Amino acid sequence: MEILIYIFAILSVLFAINMLIQKKMINVALSLLGCMVSIAVLFIYLYATFVGMLQLIVYAGSVMVLFLIIITLLDPFGKIKYTFTSRLWTFFVSIIGLIFGLLLYVIYGSEKKVEAINSSHFSIKALSDRLFTIYLLPFEVISILILVGIIGSIYFGKKNLTDGDEDENNA
Amino acid sequence: MKITPDFFIYLSMVLFSIGLIGVLVRRNLIVIFMFIELMLNAVNLSFIAYSYKLGQVDGQIYVFFVMVLAAVEVAVGLGLIMLIYRNKKSLDVDEINIMKN
Amino acid sequence: MKTLLIFIPILPLIGFLLNGIFGRSFPKKLVHRIAITTTGISFLLAVITFFKFLSLDVESLVFNYFTWIKAGDFVANFGFLLDPLSMVMVLVVTGVGFLIHVYSIGYMWNDIGYNRFFAYLNLFMFSMLILVLANNYLLLFVGWEGVGLCSYLLIGFYFHKKSASDAGKKAFIVNRIGDFGFVVGLMLIFFTFRTIDFEKVFSEIVNRGYGVEAGWGVLTVIGVLLFIGATGKSAQIPLYVWLPDAMEGPTPVSALIHAATMVTAGVYMITRSNAIYSRAPHALFIVGLIGSITALFAATIGIFQRDIKRVLAYSTVSQLGYMFTALGVLAFSAGIFHLMTHAFFKALLFLGSGSVILALHHEQDMQNMGGLKKYLPITCWTMWAATLAISGIPIFAGFFSKDEILWRSYSTPVKGHMIFYILGTVAALITALYMFRLMFLTFHGKTRLPEDKLSHVHESPKSMTGVLVVLAILSTIGGFVGMPGWTKIPNIFENFLEPVFKFMPHKGIVHAVEGHSAGNELLVTLVSILVAGIGALIAYIIYLKKEVTPEKEENLGLIYKLIFNKYYVDEIYNFLVVQPIKWFSTNVLWKIVDVSIIDGIVNGYAYLTEGLSVGVSKIQNGFIRSYVGWIALGGIGILYYILINFIK
Amino acid sequence: MSTKSLIYVSFLPEIILGAFALLIMCVDPFLKKREKVFSTIISIFAIVVAFISNLLFLSRDASLITFNGMIYFDFYSNLLRGLFLLIGFLVSLFAFKYIEREDLFPGEFSSLLLFALIGMDLMAISANLIMTFIGLEILSMSTYILAGFKRKNLKSNESALKYFILGGVSSAILLYGISFLYGFTGTLSYRGIANVLSKGSGFIGSPLLFLGMGMILVGFGFKIALAPFHVWTPDVYEGAPTVVSGFMSVGPKAAGYAALLRIVFQIFPFTLPLWRELFVYSAILTMLIGNLGAIIQKNVKRLLGYSSIAHAGYMLLGIIAADVMGMSGIIFYLFAYLFMNLGAFGVISIFEGKGEKFVTIDDYRGIGFKYPQLTFPLSIFLLSLAGIPLTAGFVGKFVLFGAALMENHMGLVLIAILASLISVYYYLKVIVYMFMKSPIIEGEEIEVRYSGVALFSVLVCAFFVLYLGLFPSYLLNLSKEAVVFLGI
């Protein structure tokens, strides 16, 4: 079981790195998909079953589909440019090193103790209890965010680019 | 023997750093957006790991909100990319550089 | 009285608003009627206030109109302080301001920016009145910035001339440096005393028992910082460079702002802060030293300028130097006295030169003048009154005030007072020299104007000459309010100002003069008269007898030519004294120190900021990825900073 | 008032805004082209109603937490909400004519503006970090779209894209920071975190906490354009539609400060020394970069973009001082900045003409006395931004600098004064161009068309700039009352 998790963890990193070096958009998108699925498995392992499922449905399902649609609409197989020069590489590797070293230090220094885990804390019931009591307001309010997103994507994506012409039902 | 939550936090760090670097090095707009998604995913992993460590379900709820954000970001962002592609016929972020200095 | 007082500044503001907003559609007559009525009434109110104030027989009155800023334990009121000092300033500002408004009708009549000009002038009056009436440093700063702003606007008034807008820019940059000092000084006052009200700050100084500081205490630092502000506004070394260039503005502006009122703001401010300066000998020494050096330095540059207004500009710098010399020897009332007489005669000189310039159709080079006495008689004689006054010839106003300053710097036992005295006396000689030179070159001798131009020369309109006459009368009799001690006639002016200095630690020093004998004082007076006479004589010989013209001055062959002349003594004198001074004045002081070094520094600041600006905007290269990089680097920087400093 | 009704009262203005935004979205598609103005009118109406409801239900002396610990109902919320609504009101007024002139869609614009206002409100009133974050995202998302509102315009596209990508990255960093904070304290409510922090004595050295704090600072630093997270500002302001740039320069900045104040003083009062040190460096950088960068700018919008960076730096001085005077100074300055900067952008949006053609300083040559009704207010705004006395900007700066000085930050105040003296140069340059330069080709000044509404709102701004400059006491008192609730 644990071995499997380690494998998925390593897989997610490998997919992420693959994203960095793939030349075709479609391949990058597929790597992201792989990465997300691996992460979803990790979620489920960490008792976040519901969220893991959401990850699969929302991310792997709809978000990735969106990406794929756009890629196919635009230029699916065209190769894309890099700007990997050796100077840039050293710069980014050092950034990675800096962030990583820092975080490593921080987490290493933090408390190691893990609370006694009771899987019933993480049941769907417990989750929905909190979501619809304490987090009711954010839950409601985030719908505004979705609304904004809808307006935005429609507004930007509208085919008709002659702003303000007589097309009346284009809200 | 369960794996310690810290392992997942290290993992989230790795993913987050890769995400940031991706935004820095890739020139394709869509790919850049994918890396932003990757960063948000890393954040989610960190939330879940902490929620596991603390034995609380709250972290999972936060992830829920982050996912909504991610979806909205993709929706609007891709709309914007489409728009730019139509106006400019290019997805190269370095060519989008009219305003400077 | 409270309401009366507020109307003194408000009226010019109303004039500004009317002329500024609707001026374009007003006929010219209405424009100047508005401007003149508002300033005229404001002057009348000032006179009424003055008599009321005299009849009340109080030391000072504070009127708080409303609480301006109140934050934390900080309170600043919008209030006026009426005491002898502000009374004098208000009278001078409104009086001279009114006269110059009247004069401007004639002078600016043919200018397209007629309404603009009067609007700015009124705005200037408003700011200046706020400056002198304020009862706290913050409100004073309001006026301070206001006059600066109007000054830039008016210097650049003829904006189609490149030199004009450059001059405005230079004035701006220089004053920024001065303002920096002033604002920091203000902040330091606030920080130290937790208040910025004049009376509260000064009584706090007295209550806390600040004595005379031996070293660099807080009062000394405040004093120096405020003085930096004063050097900017009052054109002292090293921040004087903007004033000569400011002559690009219309002549009435030069008279009002750059001679009579605004440039005296620094003098006023330091006099107002006498409680601070009298306890800070080091600051005082700096004030006096800079003042006296400026007095000599600017006078020397003034000798060989060809532009009539530039001579007057350097002369203004020099006279302001005198005022600071007076402050430097604790002779505050003498400084203010000179400020007042200077306002009369310098305004007169500028307006007179304006009259000449107008008559000659904007000719400012003295090479093309001469012999104008016949054509411009009123201008000529009124300007003579001013010249005699500035040179310190007895019975004219400037004589009394300048003599007072020299006597005080001779007799007051503060650090360096003899240096100030010697510098001041030498400057007095040069003052007489360049002023007489200006008069001879302009009005006397043979005319160097071509015939066809000469026929067009005629005296200015009545509104202008009338003003000249009024100012000439003031320049002649204005000095009698401050008679020197040896005459045994009470010095009305000094007695009037007395209450202003009640916070000084040692009343004694102001009257230290009494320790010296009247004979000494008479001697100093005689020396200054003698010196002025010598200056005038030299000018007479060179410019009237020998008919040296500015062009000949330029000509190096002059020396050889003169050697064959019969006045050997004169020639040797010329060779040994005049030529070296001339060389020093033009080549060293003007061309190197003034134009290269100080200008260079000022321009250097401008280049430096522009360079930095270019550097900053380089970061903004437009590439999104590089922006992400900056954010990432910034974030990492913050995290590492925290890591290093805060995590044990 | 019962607790239940209190819950809704505390959230009423947001509910009103949301309801009207939905109404606009429903009504707008059925409007004909020339009736589209109606949407803008609805949005103005909504803002006014929300403002009134905010006024009616003030909480002047009690600080309550409603909605299961999600929302603060106190005077600070009320005052800041009032500020945001004022911003929304003025922006809508400016947008009135602008949208018509640029042929944009009023329906989308108004509803996005209302949503953005909701987001700003949430940032100021929220009592829980996740709530704050949602507010921030609603605001950001609406602003991204508004920045790219001129869809055919490449500059506007670029502006939106830059803002979007950088905003996405910075909010990911912010979220990551929040997750660390959550991991450290096990809660995200302000009070909860503060409780944990006040109990544990060993927290001071804890890296995790500081990591979280640092990352949160990055997120908010981005929103309020603090150096070194300011890089987006000039580009985005230049490209966005002028009215939107005006909104961006005051709205998100005010909201960011509102949230930052709460976070710094309600969550982390114990770690103030750390914040302060970071803020001091950031303030110095911000003020210098903002002012130096502006000097050589030719484009007025870009110039104001740089200047807005500098102003964010000045306001930081209030946080550094961390006393009542400094805090109330920030809130006062936000109000002052609202009027002067929005006013300036408003006048620019009028002058630029259709298609934003006239936005360089050279275009402003010689228009001074031709349109005094616009150039005089613009001069007032610029003078106020420069901190010339008798304007709101001066009072604000004075209070902020004074507060920092009282807390012994002498060097910082010196730099601040120096920076603001530099700034006078470029603000005055615009005035000089207007009043003291003649057009390059004689008679080539820009022709200006403006509506009464726009002129009215310009004059309102100018009036308040002067009013707050002369009589700032009332607002300063209100701000003082408000910041007391932050528990300083």
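Lettered A, B, C and D in written order, each chain numbered from 1.
Methods note: contacts are C-beta pairs under 8 Å (C-beta built on N, C-alpha and C of every residue); 3 or more make two chains touch, one makes a residue touch a chain.
These numbers were taken from a predicted model, which means no experiment stands behind them.
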Contacts common to chain A and chain C (chain labels): B, D
CA centroid of chain B to CA centroid of chain D, Å: 27
Chain A-chain D separation of Cα centroids, rounded to whole Å: 30
Chain B-chain C separation of Cα centroids, rounded to whole Å: 64
Where chain C and chain D are represented by their mean Cα positions, the distance between them in whole Å: 43
Multi-partner residues of chain D (each touching 2 or more other chains): 130, 134, 137, 141, 144-145, 148, 151-152, 161-162, 165, 169, 183, 206-207, 211, 234-235
Per-residue multi-chain contacts in chain C, two or more chains: 617, 620, 622, 624, 628, 632-633, 639, 643, 647
Shared interface positions of chain B, touching two or more other chains: 9, 16, 19-20, 23-25, 27, 33, 49, 53-54, 56, 58, 65, 69, 72-73, 76, 80-81, 83, 93-94, 96-100
Touch-based graph of the chains, sorted into line, ring, star, complete or other: complete
Chain D to chain C touching residues, read off their complex: 161-162, 165-166, 169-170, 173, 204-207, 210-211, 213-215, 217-218, 221-222, 227-229, 231-232, 234-235, 274, 277-278, 281, 288-289, 292-297, 323-325, 328-329, 332, 369, 372-373, 376, 383, 388-390, 395, 398-399, 401-403, 405-406, 410, 413-414, 417-418, 421-422, 424-425, 428, 432, 435-438, 470-473, 476-477, 480
Of chain D, residues touching chain B in the complex: 130, 133-134, 137, 141, 144-145, 148, 151-152, 154-155, 157-162, 164-165, 168-169, 171-172, 175-176, 178-180, 182-183, 186-188, 234-235, 238-239, 302
Contact set on chain C toward chain D in their complex: 20-21, 23-24, 66-74, 78, 116, 138, 141-142, 145-146, 149, 152-153, 156-157, 159-160, 165, 168, 172-173, 176, 179-180, 183-184, 187, 190-191, 609-610, 612-617, 619-620, 622, 624, 627-628, 630-635, 637-639, 641-643, 645-648
Chain A-facing residues of chain B, complex: 1-11, 13-22, 24-28, 30-31, 33-35, 37-38, 41, 44-45, 48-49, 51-58, 60-61, 63-65, 67-76, 78-83, 85-86, 91-92, 94
Residue numbers on chain C that touch chain A, as the complex places them: 632-633, 636, 639-640, 643, 647
